[in-house]
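Listed below are the structures to be examined.
Two complexes come next, and they have one chain in common, subunit A, joined by subunit B in the first and subunit C in the second.
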Partner chain A sequence: MNRPISTYKRVQQWAVFGRLWFLFDAKWQNPFDSAEKIAKYLAGKHKPIYHPLSDVGDHVVVINTKDIALPNKEWRYRMYYHHTGFAGGSSWTSAWELHNKDQTKVLWKAVYKACGGSLLRHNMMERLHLFPDDKIPQELMENISDHMKQLRPVPKALHEYTEEEIKNFPKVFEWPEDYVLN
Partner chain B sequence: MALMYGYKTLNRCIISKSYISLKPFPFQSVALSIGKQNYLKKIIQTETENTIVVEGIQVNSPREGKVIKAQNNTRACPLCRLGLKNIRHSDVLILSQFINSDGTLLPKQITGLCGRQYKQVAIMVHHAQLAGLLPRKPHTPVTEPWEHLNTYTISK
Partner chain C sequence: MVFLSFVNCMRVKGPDKFWKRRQILKLAAHFYGRKRNCYSIAIRSVQKALQHAAYGRKVKKLERINLWKERITAACEELNIPYPLLMENLARCDIALSKKTLADLAIWEPRTFKCLTQIAAAKNQSYPPTVKAALQPPPEGVITRGML
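Up next, the complex of A and B:
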């Protein structure tokens, strides 16, 4: 006779095999470094029960993709190649042009590459949800259970500090005698 | 009508609007300073009907009481004596003390930085300006389309 699963065992089963939804804030993050982390979560490699054929990958919702940061001059010089398949259909687009056309594409392509070359890649990409700002549909918002830690610290510009904070910050040197303040 | 002069010269000057003439006001005698009060100068320009009065008044330093003292009485530069040798471009509150409001660096004679630290600060300020964290000189009307996007500079 089949015994029904105990409550404890059922909770354990859900906790182990349940598909989670993670939130990642891409503000001031390098898309290529964060793509490696996102692909790891999409594959399920953060779980001890991981197997490529077990379909244990989680969903990842990425917000603020319009605020990603590329190092140095990569916005200008990083090129994306595309060929339509027809004669004369090859094109090279720079990262800033691609970003202006679609603000999620740079991160999408980075995650697509980080997922590897297997047939599971398209399934993983289906579970990736990208949003240029922080407006998420309510259905997705209800599913999100945890968030992924950011890789780079978010810098604060001088104009974002209040005048009082700047004034009260300890100073490193004193003005010389008879210095003209203007 | 703006009057440009370095510090430690004229204290007050009256200009009549009909013709520009410098009328040096009698100097104040330099008193012996007893306390550690640091006096700075501020230029104030007041306009009446016929005259412009350009005055240099003595002002207390705005950063009185906020300056960190080194533990020993060293002659090292402000950053070396405090051990701030590895400043990052994101340490905006420290870097902003060495620049003007338009982003140009203050001279070494005023800040007291050594040559090595001055170079490092100059590089970090440039990195911060590229990332949009510090103000820089306003561009010519045509800006590059990739400059409003977030960038960061990789430093060791």
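Up next, the complex of A and C:
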């Protein structure tokens, strides 16, 4: 017999099982390491209430996928295999070629692999939203309530510092006045 | 005259074949096809099913332990403390809580769980096993009075 629960408990349950939307900035991040973290959020493994059969995964919106950073020589030597099913129908596409065709595809495939081989993978991938740049549709932007921490800090370029910051940066020694740098 | 010892000399046929088979077929009652009705096929699948059940009893325990570990790890990540550090320092504090209890606390009593993580962090600070732990600032809001 289903017993009614109090209003407070009911709302608490909605809050516990409600889906959250996370934002992840993929700029200068390793897509294969990021994919494992994203897959964890898609499955709901970041929550203490996690159970593989209770549907507690969250949404993840990934921006700036065009700026992902593959380690070492992966752009050139990572191959994506496809077979059409016909004789001689095999093809290998390198990561840089795939990235030129679709700027979200490398990360999509990395997350697809990181989600594991279970039947839940399809639903998990439905909760992943990839965008090549930082332009997100307004209806998605309204849902986002939190962001995931980047795995690596994005270093600041020299031209992004102000004149004052560069001037006040601590120096070990001063160049002599008659020294020509370039 | 009654020959009482004659009974012992009779040939013993053993238990009734029907009831012996009935015992096996009862275990196969929910199987599909001839595995349910034909004894010679049923006995094979029943034996296999019992093997699977024995294996499952072992795996069930391991899977539960893994689930508790995942849940505690998730709660630890929220509170920014690694799972091994929590478990090691709770043991050093003689707080003998099982993984099941910790996982339940993480879900139903998150503040109690947070207190436990703070105790673990304070213990790690007071008896640091590594130089790195000694260099970190002590956790806020934990009054130990040197008793940890």
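A few points about this structure:
Just so it is clear, the second predicted complex is superposed on the first by the 169 of 182 C-alpha atoms of A that agree within 3 Å, B and C clash if a C-alpha of one lies under 4 Å from a C-alpha of the other, contacts with A are read in each partner's own complex, and residues count from 1 in each chain.
Following the convention adopted for this analysis, a contact is a pair of C-beta atoms (placed from the backbone, for glycine too) under 8 Å apart; a residue touches a chain by one contact, two chains touch by 3 or more.
Every value quoted in this text rests on a predicted model; they were computed, and no experiment measured them.
The wider contact with subunit A, measured as residues touched, comes from B rather than the other of subunit B and subunit C. Once the two complexes are laid over each other on the shared chain, residue contacts for A:T162 go to neither subunit B nor subunit C. Contacts of A:Q138 after superposition on the shared chain: neither subunit B nor subunit C is touched.
By the document's definition of touching, neither partner reaches A:T84: not subunit B, not subunit C. In the superposition on chain A, A:Y50 makes contact with subunit C only, not with subunit B.
Once chain A of one complex is fitted onto chain A of the other, the partner contacts of A:N2 are absent, as it touches neither subunit B nor subunit C. Contact residues of subunit C toward subunit A in the complex are 67, 70-72, 74-75, 77-78, 103, 106-107, 110.
Within the complex formed with subunit B, the residues of subunit A that make contact are 28, 30, 67-76, 94-96, 99-100, 152-153, 155-159, 161, 165-182. Only residues 6-8, 38-43, 56, 59, 61-63, 66-68, 78-79, 82, 84, 89-90, 92-94, 96-97, 109-112, 131-135, 144-146, 149-154 of subunit B touch subunit A when the two sit together in their complex. Partner subunit C is touched in their complex by these residues of subunit A: 45-51.
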